[in-house]
Amino acid sequence: MSILLNKDSRIIVQGITGREGGFHTQQMIAYGSNVVGGVTPGKGGEWAHGVPVYDTVREAVKQAEANATVIFVPPALAAEAILEALDAKIGLIVCITEGIPVRDMMRVYAKLQQSSSRLVGPNCPGLLTPGIGKMGIMPGYIATPGRVGVVSKSGTLTYEVVNALTEAGMGQSTCVGIGGDPVIGTTFVDVLEMFENDPETEMIAMLGEIGGRAEIDAAEYIAKHMTKPVAAFIAGRSAPPNTRMGHAGAIVDGNEGSAEQKIEALRAAGVRVADNPEQIPALLANK
Amino acid sequence: MSILLNKDSRIIVQGITGREGGFHTQQMIAYGSNVVGGVTPGKGGEWAHGVPVYDTVREAVKQAEANATVIFVPPALAAEAILEALDAKIGLIVCITEGIPVRDMMRVYAKLQQSSSRLVGPNCPGLLTPGIGKMGIMPGYIATPGRVGVVSKSGTLTYEVVNALTEAGMGQSTCVGIGGDPVIGTTFVDVLEMFENDPETEMIAMLGEIGGRAEIDAAEYIAKHMTKPVAAFIAGRSAPPNTRMGHAGAIVDGNEGSAEQKIEALRAAGVRVADNPEQIPALLANK
Amino acid sequence: MDLHEHQSKALFVKHGIPAPMGEVAHTPEEAEAIAAKINGKVVVKAQVLTGGRGKAGGVKVASSPAEAKEKADSIIGMPIKHLTVHKVLVDPASTIVKEIYLGITNDRKVGKPVMIASSEGGMDIEQVAKENPDAVIREHIDPVYGLQGYQITSVANAMNLPKEHWKAFGQIARGLYACYAANDATLAEINPLIINGDNQLVALDGKMSIDDNALFRHPELAAMRDLTVEAEAEAIAREADISYVKLDGQIGCMVNGAGLAMTTMDMTQLYGADKGIGPANFLDIGGGAKADKVAKALNIILSDPNVKSVLINIFGGITRCDEVARGMIEAYNEVKPVVPIVIRLQGTNAKEGREIIQSANIPTLIAAATLTEAAQKAVAAAEGAL
Amino acid sequence: MDLHEHQSKALFVKHGIPAPMGEVAHTPEEAEAIAAKINGKVVVKAQVLTGGRGKAGGVKVASSPAEAKEKADSIIGMPIKHLTVHKVLVDPASTIVKEIYLGITNDRKVGKPVMIASSEGGMDIEQVAKENPDAVIREHIDPVYGLQGYQITSVANAMNLPKEHWKAFGQIARGLYACYAANDATLAEINPLIINGDNQLVALDGKMSIDDNALFRHPELAAMRDLTVEAEAEAIAREADISYVKLDGQIGCMVNGAGLAMTTMDMTQLYGADKGIGPANFLDIGGGAKADKVAKALNIILSDPNVKSVLINIFGGITRCDEVARGMIEAYNEVKPVVPIVIRLQGTNAKEGREIIQSANIPTLIAAATLTEAAQKAVAAAEGAL
């Protein structure tokens, strides 16, 4: 069993007839993902990339028994697309869209917390479970089945590390891009917990960034709950400190957010922190 | 054990310094109810009717360990008063206020469903548990402790029946006015279930009205789940059929709502239905 | 509070819903002038707050201003159900290719607004709902998040609306919900929503009801109340904060509380029906009524010439019965009613109240102890007067 | 996007928040004229999008129009942090009896806006938050239901605001949340919110930041962007949809993806720090960049005279490295850079991409296989040029 995406996932693509949605649908299908349909309002009844298009997610659930969706709709409509998936009780929702207003996401988040669905993203590369399928835009060929769980805030940095792992002969159980937006559905802690409980994952690579306190929360979680080894890289050590307007942000976030603080917290939790993402395979190999 | 209100209830009054709120606070205290405080924004720190006034429900919970509230604030502010009680995690909320816009109540209802609180009302006379206390406006002296549970949509009709029961020597376990508004927190079915599970309640008097389908739902519930005898009265047999604008209401509610239909449904469920509310004690006595 | 068709459609148009832009005429001459301005076929439509207008002959097509005047003349002043038509809407006539139903109301079962739609619109929609429930689409709306685009898509899809109309339908559905929400409506209905000869969606007829409890925040809607449809007694009652509905029986009822008021009516019918006697009205004087309110209520009841006896049933909870009795005596002296009045006081200070009534020693003021006794005495009194 | 004080306060006033109604001056003469109009003591306040304005001498009181002119003259053109002051706000001066802090921002931990308030307002509020956290009140706001009255009461209560000010405070708090929500703000801050000599609450200073992702629905806010604070290179980058931030180092970086761009910067610092070498910029060209975008990015990087070498790090996911390589050659031929460029292509068609670079046979175009190698080569190239 991988986490999140598995052999029983029946995936639909919201925005399947768009440029990005269409391209990545082809890529997902080519990778072997079980894409059972797509949704574009007004195009129900048509076909795209070999799968049926529905007008609504509800219709796709009814007709194609969809239980997972990946969202490629434009930012102004993406929040509603997530609400639609929630309303249709889709269990796994991956939102790739970048640029959703945070106010829209807060409204979605309130609804998400009342549901039993899992949202990954938005503004993320999605999920890749080597050998099973992918939901999102991660290039499939860089990954290979194995026992390293990868979780990351970033896009291309994830590919970099997955590629390095594959080249080092270390396959991946599941790769999860959680996204770097202020309000996201799935956090480092959520994914770490899933990896900890996943018998197919033996060790974890975690890729963070400056800003926010998600990595600090992760460090606390790791210290308390994790038995599997974790290696991490935090991007942004060379970035100048953020010059922030006003005081409210500083009061809410405190002083957390710098790369040094995150690295320190992770090291204190027993995480091996790399100076260079290309060191990650070695750090995990010497477990 | 009575239902809803019991010896551990620590009651506050929202709107305690208002005319109605103040009067009924005195009545509740005189009846022996455990009123531990009141809430009026801006009057925190004062005292009213021998109990402390707080600015917010949160403060009343913190300072007075309130776990039950009865709301007497004007209709334009009542929905927010309920939201405040929900936010403060008050377990039992009784809203007496009449005239709350239904749109406001629908917003409250959505929030209520996410909470674990129980709302009784609005637009109801509240609760009376003889010998324990009361929350609301039911006159205490008409009731006496006993084993009949009373549940009603109405105000004075309830008093009429409670009075008749008392005069017939049949005391009450708890009297609940659920209110007749379109959107209410607690339905007949909810209260019937509580009475069914309450070892101190042996039989139930239920007082309904024309309109809506709450009594039909109650009949279905009684037929399926209740072992205790129920006697009922449905007011409005002589009322002319409602001339309704448009079709939407009829489509949503179907043909349900007339007194005859309700009486028929209740009789079919084994309920003894009175022609005259003064018959209720006799119908229950001959169980 | 119900709005007239022309008021409802004006609100629809404000929310971007296309509707015929006619005008209201109070006289046949005004109707003629409006038809001349429209300069084409028109429909003259009675503006009355009740259903069944079409079947009663309240909607007529006219091909010329002269004909519009003539039709308006036949409609203005006509009775429809219990109401008289005081004004007509003169709308440009439309070619109807297809009739759709689109409405929003509150579903109290789930505490949410629900959008109802059917491609089989028109006057028989309720029939459709009964005989072919699948042809009626119901979409519940989260009252906090509002109507979502995917819900509109879902409705359009389920009602098999041709896709060429989806965009226009979306605008109308959004507009209708916005209109519903912004005005605290309990009903907003377009029936029929037509596809016209130009293949456009148009709201041909519209109905809205506004939540009375919310009128305090919509003074502009409260001002739309049509006072001509209200009987004088009802208007006086509303002013005095008394709920009053005139009925056809002989026993005038005065009660505190709506449920008990209906129960009291039921009792008069229970004991009077076999003698052809029943309630003359519903009247709830509310809580804590004082002498002047009792007097007003008595006046309202007695303004109905059918009333042969009066039944006053007060359950004193917070209200004290002695106070009501004193108020009653005052009211009696002020109003000097000739019909017998049965008065039953129960609850707080009932004994004192009954004593006050008795010691007043007014022969037409009859005391009763129970509701049953009161109803029976009121029936007997009415019977005696018949 | 950050708004200036005067823009923020104008939005506050629209939402019913009392604030001094001064005007903006771009020249000392304008400041003099405004002061004359105000006809009393004024404050001349630098309008710059950075903090620490007061400590830098950017806020000055003037007692006469002539003095206002003089103060404006000293402030306009002064540097504050890395910015030059181009305009001042001339406000009527206020007597400050008490300084309060009131702000709203998003708390990403809980996905909700949070209102922050303290009776110890002013410049040192962050210090207060650290040293005396209880003096800073936090009230989370449900983003769907909005700020409720009882929450405002709770805040006023917790901050020990005298009750005589609660009504005014309520209006300001409601207004601030409405302003925050209506404008898709990520920050709306009044600091200080003062009690003035007339015992009135007034927003003396205001700051707002708008969610860039939401500007598409606020054209009126997007138009408020202050282009004078943006370096030319940043403006060009924004036009081209390239994320660019100038830094102080010597290695120009061009990367696809923000996380990898930061990582690439980190690598130049990791291998260059001991030689005093580090990143000259952050630059994310985004996904699927084509030749013209690569050329634009290269131009932007090279517009910085500090740049001694360039590091291009592309991880081809969906982007194909051969396409990037071809784009790179085109861009090279167009821009003709003199500094050495280390290019590392990884991922989709990386091999083909590397071959294209090599076969172009440009001596200053240096290929690298790994990020480590690329960073080391870029450092060496920059060092050679130092």
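Letters A, B, C and D mark the chains as written, and numbering starts fresh at 1 in each.
Please note the rule applied: a contact is a pair of C-beta atoms (placed from the backbone, for glycine too) under 8 Å apart; a residue touches a chain by one contact, two chains touch by 3 or more.
Just so it is clear, the model here is predicted, and its values are computed rather than measured.
Common neighbours of chain A and chain C (chains touching each): D.
If each chain is reduced to the centroid of its CA atoms, chain A and chain B end up 48 Å from each other. Chain centres here are Cα averages; for chain B and chain C they lie 27 Å apart. Here the spacing of chain B and chain D, counted between their Cα centres, is 55 Å. Counting partner chains per residue, chain B has residues 107 touching two or more of them. Residue positions of chain C touching 2 or more other chains: 144-145.
Because contacts link the chains in a way that matches no line, ring, star or complete pattern, their graph is best described as other.
Pairs of chains that satisfy the touch definition comprise A-C, A-D, B-C, B-D, C-D.
Only residues 41-42, 44, 55-59, 77, 80-81, 83-84, 87, 107, 111 of chain A touch chain C when the two sit together in their complex. On chain D, the positions that touch chain C within their shared complex are 144-145. By the touch rule above, chain C contacts chain B in their complex via residues 2, 49-51, 81, 101, 103-109, 111-114, 116, 125-126, 129, 136, 138, 142-144, 181, 184, 186-187, 189, 191, 207, 209, 211, 213-214, 216-217, 247, 255-260, 262-263, 265-270, 278-279, 282, 315-318, 346-348, 370-372. Chain contact summary for the complex, chain B toward chain C: residues 23-24, 27, 75-76, 99-107, 109-110, 125, 137-139, 141-142, 152-160, 163, 180, 182-183, 207, 209-210, 212-213, 233, 235-240, 243-252, 275-278. Chain C contributes residues 145, 148-150, 153-154, 157, 163, 166 to its touches with chain A in the complex.
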